[in-house]
Structure formats: C-alpha cells, structure tokens
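What follows is a set of structures to go through.
Both complexes shown next keep subunit A, but they swap its partner, so subunit B is in the first and subunit C is in the second.
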Partner chain A sequence: MSATTRSPLERRRGRIFAPFLAPALALYTALFIGPTLYSLYTSFTDWDGINSPQWAGTRNYSQLLNDPAFRSAFGNTLKIVFGVGAAIFVLSFGFMLMLREMRGRRVIRGVIFLPHIVSSVVLAIFWGVLLSLDGLLNQALDGIGIDPVEWLRPGWTMSAVLVALVWINTGYYVTILMAGVDRIPVSFYEAARLDGTNAWQRFRYVTLPLSWDVTAAAAVLWTITSVKIFEFILAFGGNQGALPPTYQWNNAMFVYGETVGGITPVNQFGYAAASAVTTLVFVAVLVIVLRRLMRREPLQF
Partner chain B sequence: MTITARTRRIAVVAALALATGTLSGCGSSSDDEGDSLTYWSMWNQNEPQAKVIKAASDQFTKDTGIKVNIQWQGRQVIQKITPTLRSGAAADLVDNSVNALGTLVSAGQNADLSPVYTATIPGENKTVAEVIPEKYKAYLNDKNGKPFMVPYSVATEGVWFDAAKYPELAANPPKTWEDLVEKLDGIKATGVAPIALPSNDPYWTLLTLQRQLGTEGVRELAADKSGAAWDDPEVRAAVKKVEHLRDHHFIKGYESTQGTQAQTSWAQGKAAFYLNGTWVPGESKPNVDADFKYGNFQLPAIDGGNTAVGVNFFGFAVPKTAKNSAEAQKFIAYFMNKKHLTGIATQALNIAPRPDVPAPEELAAVAKALDGNDVYADQARLFVDYAAWATKAYTPNVVRFIQGVTSADEFIDQTRRASVDFWKANP
Partner chain C sequence: MTTTVATQPAEPRAPARTPRRRRLARVLARLPGTTAVWLFTGFCLFAFAFMLISSFKASRDILERPWSLPATPRFENWATAWNDGGFGPAFINSTVLVVTASAVTVVIAGPAAYVLGRRPGRLSNGLNLYFVLGLGIPVQVMVLPLYALMNSLELINSLFGLFVLYVVVSLPFTVFLLTSFFASLPAELEEAAALDGVSAAMTFWRIMLPLARGGLLTATLLNAMGIWNETLLALMFIQTNDKFTLPLALLNYFQQQQFTGADFGALFAGVSISILPMIGLYAWLGRRITEGITMGAGK
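Up next, the complex of A and B:
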C-alpha cells in the first residue's frame, strides 16, 4: 500500500506503532540480542569470566571438533531432539485418538499434564527412587513374583533419562495438540462417520490436516525446548555437587560443565560460548528445515 | 488522540530507561560505608554452621560497631560472585571449601590474607598464625606463597563404620592392604556386604592410587601429556587392587543406584564400610540406630609406604576487589577466637582448625589421624589444578571401571588415551 492511499486512521496507527514497539524492542535487544552477539564474540576468545577475554581466533571451534565430551554431548542432544521428540509426538497422537472420543478426558488430560508442572529436579529424584535396585518399580515387580531388574545398570542410565523426558513432556504436547483438535467442528466427524470411516481414517483425513498448523508449531516448540533441557540430567546424574559423567551430558549440560558447573568450576566461558553458538546454529537450521517440511496451505474452517 | 514528536521522544526515553534500569538493578549494592561489610556465605540459614556464624557476627557488631550484612547464598556462592569480581566484588567476605575457592585463586582474584594471619585474635593474646597448625599452611597459599584462605573447619575422607558393631576395627584399624582385604573377607563371611558406594564413585580408585604412587605420583598422572605415566606398573598394581574390591567386596546392585542411596544403605547397616568425607556423621544421623557409634579409619599404607591424610578446608576468603576488605579481615580474626570455633565443633559437628578445640566425638578418630600423620591436599588437588582433566579424562573412565564395564587394564588404557587427547586439545 502506498503512503498516499493511507487513511488518516492508518497514518495515526503507523505513527503510534514505533513508540509501542520501542520498549519491547529495547528490552529484547538488551536482554537477548546483545548477549547473543556477545556470546558470538566470546566464542572466539579465551575468557575465565573475570579477567579480560583474550582473542583466540577459531581455536575453540577446532578444539570442540576433537573433544570426545562434546561429540557425545552432541549425540545425546540429537537423541533428545529426534528420539524423544518422535516418541512424544507418536504418543501424543495416540492420546489424541483416544481422548477425543473418550468420557472423562479432562481428568486424563490433567493427569498426563501433571509431570510438566512439577520441578525437573524433584522428578529426577523421584526417577532415581523409582528405578534404583530396591526402588518402587522393583518392589512392585517383587509383589508379582518377578526378580528385581537393574534399571540403572551401566549403559542404561542415558536411556532412563530419555524415557523420563518422554514421560515429563508428553502431557504438555497432548494439551497443545488437543487444543487444536478441539477447534475442529464436530459436524466434520459426524459426516466422516456417516461415510463409514474408522477411527484411524478419521484421524488421517480429518484430525491431522485440520490441526496441522498446531502440530507444526508444536514441533518447532519441541526443537527449541529440547536443546535447553539440562536440570533433569544434572539432578539425575550428579552426585553431591559433582557433575554427571560426560557421557550423560547434552549440549546444555556441556555449557554448564565448561563454565560454572561442578565443585570447582572450570570457567571456560569462551569454549562454552563456542559450543552454545554451535548449538544455536544447529537449532536455527533445524527449525528452518522443519518449517519448510511442514509448510501446508492454511485451511479455513 | 495525537502523538506529538515530544511524547514519542518521552516514550523512547522511558523505554530505554526501563531497559537499562532492569539491567543495572540486579547488580547494585547499597552499603559502601566503612562501618559495615557484606558477607556471602555458602550455608543456608537453617544449617548449624549458619547459626554459629550468625551468633558470632551479632557479637562482632556489638563489640566493634561494624555491621555484618550476611546473605546465605548456598553452595554456589563463588559462581554467584564471579560476575561481580571485575568491577568491584559484590561481597567483602565469602566462604567455601578450598576447592571451590580455588576458582578465585586461579583467576588471581583473591586478597592476600597475610595481615589476618599476623593479627592478634580479639580477646586472646595469640595471632591467627599461631593457632593454625603449621602443616596446614602450605595448602592455604596461592601460587605466590601468600595465604588466600583462613579455614574455620578441617575435613578429610576416610572409611566409615559402626564402631559399636565392629569394636575390634576401632581398636585395631587395618595397617596393611592385605589386612584390609582380610577384614573385608571376614565381614563378607558374616553375610554383610563389606562396602557401600555410589555407582559413580571416583574416590576409591583415586585414594588407592594416592596410597600406591604418593600425592605427586597422582598429580603426575593428570599432568603427563605423553600418557607414559599410566604405563608405570605401580598404577596397574593400584587399579588391580580396586578391581579386586569391586569384584568381591562391593555391595550388590551399587552400580544401579543414584545419589545418596549408598549412604542410606550403609547407615541402615546393609553394608559395613562407606568411604566418604567428614560430613557423613552430620548427614547420616537420622538414618542410624540409636546405639550406632561412628568409627573411621584411613586407607592403609601399601608396602609400608604413604600414610598421609588428605586434608580439605572450609573457610573464609576475601575477593581482591572487595570494598570493605579491612573490615572483612577484622571479622575473620574475630571468628578465629576459640569461643566461636568451639561452636563449629559442638554445634556444626565439624573439626575446627585449632588443636585446642576438641573434635566432636563422632570425628574423634579422624581428628586423631589428622594430628598424628602428615597431610596432603585433598584428592591431590586434582579437582582444583586439573579440574577439566578430572571431569573429562578421569571421571567418565573411572565410573565405567567402578561400574564393572571395563577391566583394570581397559581402564588404564582408556584413561591414558583420554589424557593424551585431552592435553592435545588443551595445550
């Protein structure tokens, strides 16, 4: 629209736009964009967080590539983003199928949402109590005559973390997806039923296409949230202030471990910033790819 | 409504003021007058140490007129103060373990506390330097040989057991490694698991290596960039000893437990021994029987060698950029008075650094070991001087070894390789 055709109201609206935007923009710049740019700068330096940063060029990045701790942390991050993500979405769709037509669904929704509102640290402690050798799960198994299982045996602990993350997050995504599904007019389902569809077909041809935009938004949300997960891993694997072993780290845990984590923090802020920037680039690329893959014509209904 | 240029300007200025106000608001400190000091403590308000410190600081204010603003920051106090150090520390006085305070020291941000050591303790006619045992002092100095810390409690690690149940161990602790293994076999024969430990325990291996190689030998393992130090047959001998304990004496299922489970099962009598620090009596009291008696011994010497006791300290440090450094140092000297340190022993159940303050009964055996032996820096100071190496090269491999995933030889091989890789990446 050219300026000459704008009505007086629109012109005034245009002018009011800047003062209203400015506070938010200023805050956002000061609290997010500024620190992000500073992290980018820091990633090219050696910095202990106290004394002046020393320029180090790209050394932090080349060091990251050769760091087994970072490589395994990155692998664990991928497991969380894709593995846990896939499990959450499959389960959420399953719940969606079940809950849409079920009585008492509000109660069930509340129950599966519950872990999401409890602190991760509490959940991590509970998870340890549940899975330890004389823990709740094995006591329950004992009740039905099954020998105790070493759930937290070496090599299984990271899997225990992944399963816990599915458990914690599924309720949240069910809630988001169900909000999208609840908007779909009941008449569509009635029509589909008259056409002789089964539950799967109703999901495939009515629910999924009509809640696609919500699903796409939820996928992006998970990608961004999942790379930030760290307090559960710390509380579950750490011991008396010490860090969990590096093979249980993800990228967020790596940043904590290389800066202020542990009993004696190593304060390698430059190195940690390089790993944070790497993670940021990874997430950005992933979100762009995801948005492209999930783009559909918006449906009006 | 019309928006004039003026109102728009006001809006922008207000937005900027809001943004900058939000940023500066969190870092400001109010008290800069001379007659006060700000003290960030590692304790939480309801912990016994906090109560002892609070009582002393109230008395200090009464006696000197200097107000002490205490903030109970919890264990992460050094992490919290780090961002403020450059422009002027937010606190004039902090406390923590020697390991955690090492962060200040390695960044050169600690004040030289020599004046505190030469100061006379208020109410006594001795200096601080005179009441702290000489053998501790080397571990309280920075790289320039200046003291960075004044300890108010001394901690160490050792093997804990119930002296009421095993009186012969209290009277006659194992003197040789063979003797230890024999005693463990004896306990096993009675149907009790000999040793409880958490699944990610790095200490059995580290302390056994210290016994076999000496403190410098352990530090050599961390510092050696070629990996050759790991080929020493003494290393293998030590790791083999731990492997034997692992395969015969560790409590069943330890590799599947998390957190404080090990301490609980030991306190409940499911295992006889538990290797841990001097805070064990304080922490485990609620879980032990009424007639439980805390006994403790150090790992025995190997082949008649090293019997030194690892020593860890909790105490005060002053940041270099503290605004009220003099007042903070005055408070430290004041707290070193026997009257205040006695509270550390009687109320907080810690060992005070002054030999004239009797250790609590639970820690009597530990205090005796500290008195009668040489000391060495706790865990060979690996977690201070080689913290990143310990986290990345040592810990993941020792955890796998302790959990039984790898053998002694595989552990040595993997840690050697991890060390070489680590030093290649961190020259």
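Up next, the complex of A and C:
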C-alpha cells in the first residue's frame, strides 16, 4: 500500500476510510454482533438477565430437547419456514405468470402488497374479527344458509395463523419475483413463441432460468425473515395480557415467553438464549444449503 | 427475419394471426387463475376497506352487521381512540422515533456505505460481508444481552434507548442497500473532483451525496416503515403507557377490550391511525419502496 502507486483519488479516499466507517462499525459491533456473541456464551449458562451468568455446560440444550413447549415451537417454526414458504412461492409464481398478461396488473400488484406495509398487530386483529364465532366469515356463511363454524377451536388456531402468514407475505414475494421477470426482454418470449413452444415450455426454459437468481435471493430472504415472525402470533393468540398457549408458539415467541413476556415473567435468559442460538444455527445451515442447491451459472442478458 | 423479431416493442402482444377460437381457448384456460388472482386481490382490498369503514361505526353495528356501511359516520370513535385509547400519545411517540431513528441511521450508514462501495479491495469486501452477516441474525438472538445491557444503563422504558436500538438494528440493511447503490454510481465525477484538488470528504458531501439522493430516500423510507410497525423491541423495552408506540397501544387496547367488553369502533379508529400514514406513504412513494425491496433482493 505504498503511496507512490496510488492515484490522488485513492489516496484521498484512504484518508476518509476510517473516520467514515468508524461510527457504523462501532455501533454495529457493540450493540449487534457483541450481544449476539454474548448470547452464544450465555446459552451455556444459568442467567436471569440481572446477576452474572453461572456456567452450566450444555444443560440448557439438553433440556430444550426434552421440553415439549420448545419441541412444538420448533415444529411450528418448521411449518412456517417450509409449509408457509412453499405455499407463498407456489402462489407467487402462479400470480406472477397470471399477472404478466392480465389487465389491471399494476393495481393488483399495489393492492396485494398492502398487508406488508402495516403492522402485524393490525392484521392479527382483523384475522380475529374475521374468524371469530360471530365474525365476518360466519356471518357471510349465514347469509348463504351455512351454520357458523368454530374456526378458532384450539386444534385449528395454528392453521389459522399459517394461512394468515401466507396471505400477508404473498404480495411481497410477487413484487420481488415480478421485478426479476420484468427484466427479461419480451423478444425472448416472442422468439420462443415463433419456435412453437407452449406456455409451460416458455415458463420452464425462459422465465425460470432467467429469474433464477431473484428466486434464490427471495428464498434466502424468506428463510431469514420467517424465523423472526412474532407479532402476529402474539397478537392473534394472546389475550388479556397473557401469552398465547404454547402450542401456538414458534421459536421467536419462545424466547419472549421464557424471559420477559406474559403476566409473570420467568426470566430464564440462559435457557431462552439457547433456543435463540438454535434458531440461528438452523437459519445459517438452511441458508448455506439453499445457496448450494440454487447455485447456477449466472446468465447474462 | 429473426433480426426484426429481436427489436420488438416492449409490450407483450399476441401474434395478429392467432385465430379467434384459439384466443378464446387461451382465455378460458386462464380463467381459473385469473379468478383466483382477483379473489385474492379482492380479499386484500376488503380487509383494508373493512378496517377503515369500521372506524366510523358503532361497536354493536360492527358485531351485528359487519358487512353494512355506517348509518351515520361516528367521528367520535376517532376522538375516543386518540384521547382515551392512548393512540394520540402513541402516534406522537412513533412519529418521533421514526423521524429521528431513520434519519440518524442514514447519517451513520451513508458514509460507511460510501467508502465500502467506492473502494474495492479485500478489506472492504470483508467489512461488507461483516455487515451483511447482520441481515441473517434474527433479533431474538441479540435481544437478551441487550436487555441486560440497557437495564444496567437504565435505558429500559426509555424512548431514547429504543431509538438507539432502532438505529442499530436498521444498520445492516441500510449499509447493505447503500453500498450497492454507491457502487453503481459513475466514477468520472469523483476523479475529476480529485484532480481539481477537492478533498474526499467534500467530494462525498457535494458530489456523491446529491447523486445518491434516490438511494438515501429509499433507505429512509424502508427504515421508517419498519420502525413504524416494529413490535418485539418495543414490547421488551417499553413498560409504561405514556411511552407506548402505536403497535403497543394497539396491542394494549385490543387486550384490554377483551376484559371490559369491546369498543370495536374505537379499536378500528386506532387501527386506522396506525395504517393510514403507511398507506399514504405507499400511495405517494410506492415505486421507491418496491424498488428498494427488489434492489435488496436482486443483489
């Protein structure tokens, strides 16, 4: 890095490198990466969040394995990541293909994006009003002579959450996929059409390969955002200040529930940290696998 | 023949010679899909219309005749929500947090993104990766030590404490977005400025920053929307009603109502107070928002 080989521009830039970077780097390291590492450490301790942590080895982790609440929370996290994720991507691809040739596509895109820009608490309130016993859906069914259905019976509430999550997120992923597909030149499709291809072949050999990188990025994005889903579950399932029943928890809810959440917080910070770290490892592995599986030669067009 | 095909206009259009019967068959084949898309769109539209309209209805009307329009619009729902429901102070708290935190985030992330995006090299790449790492770390991982830290700093139940946290959690995405934005700007102006003897800091301030206005606005918007709707951190770090943000006020009002018999009219007025600014922002600057989202995903 001798000064003689560098242009005046590079020299000048070098001078501002550290001062420009320092504030962001310091804040991020101290209050983002630091706490993450500390979480890693406390997951091996007994900790109430106030007194200093006591080393506990891997006990938190083995306890997690046998905790029915955590097992169901992790199961629900899997349902969200894979089940809801699959539904969103199938729907988004379908919508994208329909929207390409539909009238009013701009309006549709704008409207289905709406759930993404408002608080999940709002959507949970609406979802409750929609599905409650004397709610919107049952009143509509009543109008066509169908008896009210108890949509919110204990065995069904988690499914209600999953369906809602599909509804909330589909518009967002349609937007992302559409942006990828809109970059494909129309001439490709016309050439393919002249070659006598059908709609499926055009999707398989033009749309899919040329939007592959966007699809891969969207899959990674869903993975890392879906494990953070929390507000909707809390607002939809909880009532009167209490937490939702544990069979409706996911990992994010578990961390809140085992620490400061609820009417009588249990403050098991070390234990909750272990569950959070488990989530982090799960996400990391999944992202690595996804990137491996979806890696393709980048296509220039 | 093929060369003329390659330079077609941008709009897709059916070849003119397609027989009418085949076109009809295509429309019919697409009918189930088209219907599904419209049903989904209609449902989204209905959900938002229902919430906004219910804010003008009496509680009993919402429960007994949810599908009807209000006989006479009840503006008092909004007054109740704003004054007694705590949505007034919450609106102010949320607004203050959104404005300060999204502005400060860009002020801190902008310069960092500039040097990372404009100075290729191993160090920059490594640091870039270090920031991107933050995108993959769920908030619930870091929130527990943060709670202990804020507790020892007596920043629990403090809007300032929440402001700091919002800046921190917004940093990785903002640095990531702006780095790719700065990297896409042309180099000539910078070089010319350097030859003219303009300092690097001045070049950033006077030349590159104005060029990056679009990216800065997009980043600010996305952060603002994220902070406006953020719930987990607010829930963990804020305890008293006077410091509630809008999602907390909503949650609190919603859960209180389950105790005391609900005033759904006021609840939906509170809901509307929370969603209308976002809808307005989206209607006004929607293109920037979707652009930023797709830019983040495309890289």
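By our rule, the second predicted complex is superposed on the first by the 275 of 301 C-alpha atoms of A that agree within 3 Å, B and C clash if a C-alpha of one lies under 4 Å from a C-alpha of the other, contacts with A are read in each partner's own complex, and residues count from 1 in each chain.
Just so it is clear, a contact is a pair of C-beta atoms (placed from the backbone, for glycine too) under 8 Å apart; a residue touches a chain by one contact, two chains touch by 3 or more.
Keep in mind that what you see is a predicted model, and the values were worked out from it rather than measured.
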Subunit B and subunit C placed together on subunit A: clash or fit? clash
Is A:179 touching the first partner subunit B, the second partner subunit C, both, or neither of them?
second
Larger residue footprint on subunit A, choosing between subunit B and subunit C, goes to C
Touch test for A:90: subunit B only (first), subunit C only (second), both, or neither? neither
Exercise for the section: May I ask you to decide whether A:285 touches subunit B, subunit C, both, or neither, giving the answer as first, second, both or neither? Expected result: neither
Notebook entry, point to check: Touching A:12 in the superposition: subunit B (first), subunit C (second), both, neither?
Noted result: both
Task = Considering only the touch criterion stated at the top, classify A:23 as touching first (subunit B), second (subunit C), both, or neither.
result = both
### Message
I'd like to know which partner A:146 touches here: subunit B for first, subunit C for second, both or neither.
### Response
neither
Which partner does A:125 reach: the first (subunit B), the second (subunit C), both, or neither? both
Worksheet entry | Touching partner for A:49 - first (subunit B), second (subunit C), both, neither | both
Which of 131-139, 239-247 or 275-283 hits subunit B? In subunit C, it is stretch 239-247
Where subunit B and subunit C land on the same part of subunit A: residues 12, 15-16, 19-20, 23, 25, 27, 31, 49-50, 125, 134, 239-241, 260
The residues of subunit B that touch subunit A in their complex are 1-3, 7-8, 11-12, 14-16, 18-20, 22-23, 75-76, 78-79, 82-83, 85-86, 97, 99-100, 102-103, 106-109, 198-200, 252-253, 255-261, 383-384, 387-388, 391-392, 395-396, 399-400, 403-405, 418, 421, 424-426
Within their complex, subunit A touches subunit B through residues 12, 15-16, 18-20, 22-23, 25-27, 29-31, 48-51, 63, 66-69, 125, 128, 131-134, 148, 150-155, 236-237, 239-247, 257-258, 260, 262-268
Within the complex, subunit C is touched by subunit A residues 7-10, 12-17, 19-21, 23-25, 27-28, 31-36, 38-39, 42, 49-50, 94-95, 97-102, 107-108, 110-115, 117-123, 125-126, 129-130, 134-136, 139-140, 167, 170-172, 175-176, 179-180, 186-187, 189-191, 193-194, 213-214, 217-218, 221, 224, 227-228, 230-231, 234-235, 238-241, 251-252, 255-256, 259-261, 269, 272-273, 276-277, 279-280, 283-284, 287
Touching subunit A in the complex, subunit C uses residues 2, 5-12, 15, 30, 33-34, 36-38, 40-41, 43-45, 47-48, 50-51, 62-63, 66-67, 108-109, 111-112, 114-116, 118-119, 127, 130-131, 133-149, 151, 164-165, 167-169, 171-172, 175, 190-191, 194-195, 199-201, 203-204, 225, 228-229, 231-232, 235-236, 246-247, 250-251, 254-255, 258-259, 264, 267, 271, 274-275, 278-279, 281-282, 286, 289-290, 293-294, 297-299
